[in-house]
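As written, the chains take the letters A, B, C and D, and residue 1 is the first residue of each chain.
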């Protein structure tokens, strides 16, 4: 319990603190420190869960089970590494005059608040609180995306706000319907929105209402997950915001949104005894993978490229959860983890690369490896990892997903494989000249923070070759939970 | 048909009013009138919430009603009025599709929503169950409004009106969500509005206009 | 004492990785890398080869490693087939490592330490592919191998065409890997167990075995360079540094052959006769295509790359033949075809590595890959030239060297087809044999062109006079490989004795029968039927040569006068008047004109500076790859229209999605 | 293997060495006779070889050792082939060192060395000749193998002695396939031995020469060895043809007496064969180099047809 309070309290306090001190020169340091504290708290929470099993605390409002505990740990970890990365990155941005101290204050404060909302969404047992946290996450990130106040960033933020706002409104309607259905079983009052309670009685919930609710929830949280055709805000928001924000958006927020979808799916599955929810998720997943793969080949902007890659991977994970079953769910969870780590590592490298070359257009970036081998290799290896090249972890999950699909949904495999091949061709052909070849990059005064990049890549590599037993155990339990 | 309690009849009336207002907003060209219509929608929402609170004796819904009243009848319309004045954007609203067509689509949407809601309403235990269809129709109509407006402020009003529809569903169909959730939702709406206000200024500063056609640069297709 | 071959292989893999990591730790210390690390890698390779020799005949060994997925830990297994290919890997890579020790220098491209890492990771991945015993480990190793070689290919990454070549390679490798993955998916037959053991036990019904075979043929064919997936090969091999080309061509292509054999003969329980026909036809078409294109190349490494395509074609044709015989339960004859396949794989590893390494020496000495600017190097680089001659004669399929032995065995296998019960196949096979012979004969043409233009004649450019011969370590690598070519050619019986356990594993029969023939005389089945003794031939020829030299010098004299070459009464002869590579290929171009896409630029009598230019392109680009690329591009453009930038449109998407889903729920 | 076997083996090679130039002389004489010319002496080839051995060898400045080694290797290869081809006896010790396929390989070895040597001096002619020779070779080699395959299908063996034994000692049967193969073999032999209509051994005209272009730089003992080896090649081819299509009178034992006894039959058969060769050469005209693929393609086709016919009728 104290751990949960700490996990949520540190970022919230940090946000307040940074709202006050965020413009100081040592603010990035504070940011890192707060993130570290959050990480430690999350580690303690994880240890507690390992030792004692699922937790249900604070009047049943907070809940930790194998499904969300690893996401909490992952969120805290990536939040911490991103704060490390953002230290030199933001300094350089400030020196180049793109940011003022006031904006930095906003940035730091919102960064912590954003972390808080994500952790809240993950830990909340109440579906209503989950919704509130998701909406709050949208609001904080809107501010972060529009940080530069350039026309493009404003446009991106506006689209993000409107599309996700509308989307999340649908999710609220879905939540209301859920409550509507649950109330009949559980009675009015707080209990009817608690996931644990709902999960216990999911068999008695009215199927018609729940399937209707699921449509709204899927469209709502699916917008935030970036499922095609609800994805249109995503590339803009990723490309125009500051790179640390892109990293957390891609690496964490999408996961959290998908987490919400999956939580809802569990309830609906338990109530509706058709494959309706599965089919919807598979359909959305597949469509996202295919469309994103084609989009990848048309990108001229590096960050947009990886934004589409996120859509693709969210599609893969959604597809996996849609298929269901112990292997596919396991793979989906593994993919979530590996994708977060890899994608944020890529964005770290991309961030430094854009600073060195002064552009984020693909045609303008050349030969990174000459000016900074560590960064070039980081970007290259990260991209290969995200494309599902072994021995990185994404391959492990894609392997499992593909072989399950082959057995259970053979019709989908050709689409998946074709999309993967197209994505591979698109990304490698664009990345290769960026990393190799004659250079146009310059050296900058601040050393790039490469430690986060390689930490993430090392973790992803480990996941490809060896999954720690307790992690595997969680995945298995969570997979069983998801059904 | 058994007798419906009086308060429920009032709620049904208010629901019809809500739907009517939604249509009116869909058809309204002037921004200031739009804001007024939005305020009226908020008022009927607050009223219905209060009546539900009274009828079902759920005191926490009074809180909710009060919150709605303050937020949606006073604060937000006031904010919007201020914005419109400061930004000097009192022009007439031109939709992307002409009004009659929009109305026609709107009617189809209402039929669709009602159809969707009927089987659910049958199941509900609340007396106000039939309002669910109206709430859904309101949400849909607001959605349509967001699609058809090409200026930023009407779009936002559409968004807020969608929230109204949702609130209406939450209160009348289910007798209200848990308080902590409602508070959270209200907070989010408020903060969102504030952020939007800041946004309008920034957009204005960058583009000299709040026309959304300036916000079409980020795209893939040529 | 029995050597634990599997443990040895695992140790070697770890050893290579450690060597590579050490290289990475001191990336620019050339002396450390070339004097310690690469030789260390070579020693590991030699040990591995020695261990593999012992392991071929011993029973399969298996292990489960504590790595991998939780439900699918890494399974490794060393049976005769794996051991044979491990032997190939160790034996060939030892020489290449030794050569590399003297070859790599600091250049503009990847630093030597990174090369060292990639190189040894490549070796380790190949070894891991060979011992993998479950689909996951296999795929991991397979793709790691592709990745490591991709980075090695793009060592000189500043040149855009090299990057392009590397990209093409990686892309096709990846597509192939996807097919292999699918193949494993089919093979496990719905049980969800992805170990090879489970696949062996699985009973596939209906068309699934065929699907698995065709997927394997596609996937492994992409790596091996089978038509029409060969296009990466002539791009990537020349782009890579020569030791890497040697490793890729000599060893990596064989891992694809290994995979194909593993799937077809081991994992799939039964074979259908028409698979054999498919593989045979595909192999022969590939062989002919490769060799015809090799004839018209003007870049020495491209020429060798096309020649690799040819050799892979021959090997696959042999596999097809083996399938054919195996399907009709003619195991004895299948064993001969299989022997030919494995023998040729081994041979190709030796002579193609030798030739690629030789081109590396030429490249270092002259900085020139174009055949039109080389010539006469035998005078400046005698070591390389004479050792390359061995490789040239071997690859041309001439007795008594190694290339001939495998081709001989394959032709013998062809001659057995009349015993098949299928008259259609009986009629087909003579034609196939003819095609094979045509390919082999053309290979001789190609190699005469290669050797003659590079090493013989007069230097076509002035700066060739300064060419330096290979260094000591490079020489050592070349000598090792040349000696390998000779020994493999002279002692076929011994080598086949080594291959036979593999035959027994794959086709259930051995090619050598105890009591028939001797170590001197290769006589499969029956000495009356066919026999071949390279050593006797060599001894006879050598004896006659020595005797003739002696007699001629004794009976007459040995006087020699040096004089300018006869100029036919035209005194202004220059080295440029020698036959060029284009000229040498011209007859082939003329005969097989229909196969090429040629662009010719002919001079007119009025040209101030007459210029002749001809470019020969791979027709598959225009028939297959460009249309596919264009179609993908068009689709992508269509999909791009989704994202029009208008927020109203986006809202419509959401709205329509919502309404559609709601309508569906009803 | 015994001493007698070795003696027979040696005898066969020596007889081949001795008879080969004579065959060339005989063909030349027949041709002259057919063309109404006065014929050179039958022994002229011997005298030419002897004369060449006496002369000082002139080697081009630009030549490498390959140039000087090649004649010896070619000569050695031809002697080796002579030991293997069952011209006089079938059961000789070296016969099993190579079967028909290996024999073709041996010829290819010789051809490659001549071609490499031709390219070695770096003159335009040499490389031109080498190119053309390899060109003819790659077409002729498959055809030759197909011929041998047809024959070996009948006997179920690729070992030449076995083929001869089977063909000679089985009860008489007509093999239509052999007729196809025989025609094909004749055509291939013409091409392989640089005879009209593919090549003209007597020409030194740049546009037409193939074999001569390659050996243009050779002189003295090297040239002598090359010439002798060419004669041996013609002899070997003739013997293969005779063994496959007229396998009569070949001794089946390894006894040296049998070998000597078979010699007169061989000489008689060669005389007829040589005459036939001269006749063909007189009746046909040299064709353009790019007509050669058609010619050899026909041979190839005939050989494959022979094989198919064999499969159709023989099974």
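Please note the rule applied: a contact is a pair of C-beta atoms (placed from the backbone, for glycine too) under 8 Å apart; a residue touches a chain by one contact, two chains touch by 3 or more.
Everything quoted here is computed from the prediction, not taken from an experiment.
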*Give me the fewest steps it takes to get from chain A to chain D if each step has to go to a chain it touches.*
2
*What are the two chains with the top count of C-beta contact pairs?*
C-D
*In whole angstrom, what separates the CA-based centres of chain C and chain D?*
35
*Determine the centre-to-centre distance between chain A and chain B, using the mean Cα coordinates as centres, and give it in whole Å.*
30
*Separation of chain B from chain D, taking each centre as the mean of its C-alpha atoms, in whole Å*: 101
*Centre-of-Cα separation between chain C and chain B, whole angstrom*: 70
*asked:* Where in chain A do residues touch at least two different other chains?
replied: 158-159, 162, 166, 170, 212, 235, 295, 298
*Among the residues of chain D, pick out those that touch two or more other chains and give their numbers.*
none
*Mind pulling the chain B residues that touch 2 or more other chains?*
116, 143, 146, 155, 215-218, 220
*asked:* Strictly by the criterion at the top, what is the full list of touching chain pairs?
replied: A-B, A-C, B-C, C-D
*Could you please specify the touching residues of chain B with respect to chain C in the complex?*
96, 112, 115-116, 143-144, 146-150, 155, 212, 215-222
*asked:* For the complex, give me every residue of chain C touching chain A.
replied: 66-71, 111, 135-136, 139-144, 147, 154, 157-158, 160, 163, 166-167, 170-171, 174-175, 178, 181-182, 184-186, 188, 190, 192, 194, 632-633, 635-637, 639-640, 642-643, 647, 650-651, 653-654, 657-658, 661-662, 664-665
_Which residues of chain C touch chain B once you look at their complex with the stated criterion?_
637, 640-648, 651-652, 654-655, 658-659, 662-663, 665-666
*asked:* Going by the contact rule set out above, which residues of chain A touch chain C in the complex?
replied: 158-159, 162-163, 166-167, 170, 211-212, 215-216, 218-219, 223, 228-230, 232-233, 235, 276, 280, 291, 294-295, 297-298, 327, 367, 369, 373, 384, 389-391, 395-396, 399-400, 402-403, 406-407, 413, 417, 420-422, 424-425, 428-429, 432-433, 436-438, 464-467, 469, 472, 475-476
*asked:* Please output the residues of chain C touching chain D within their complex, sorted ascending.
replied: 375-376, 378-379, 385, 389, 393, 396-399, 404, 408, 411-412, 415, 418, 423, 426-427, 430-431, 433-434, 437-438, 440-442, 444-445, 447-449, 451-453, 456-458, 521, 523, 526-533, 536-537, 540-545, 548-549, 552, 555-557, 559-568, 573, 575, 577-579, 583-584, 586-588, 590-591
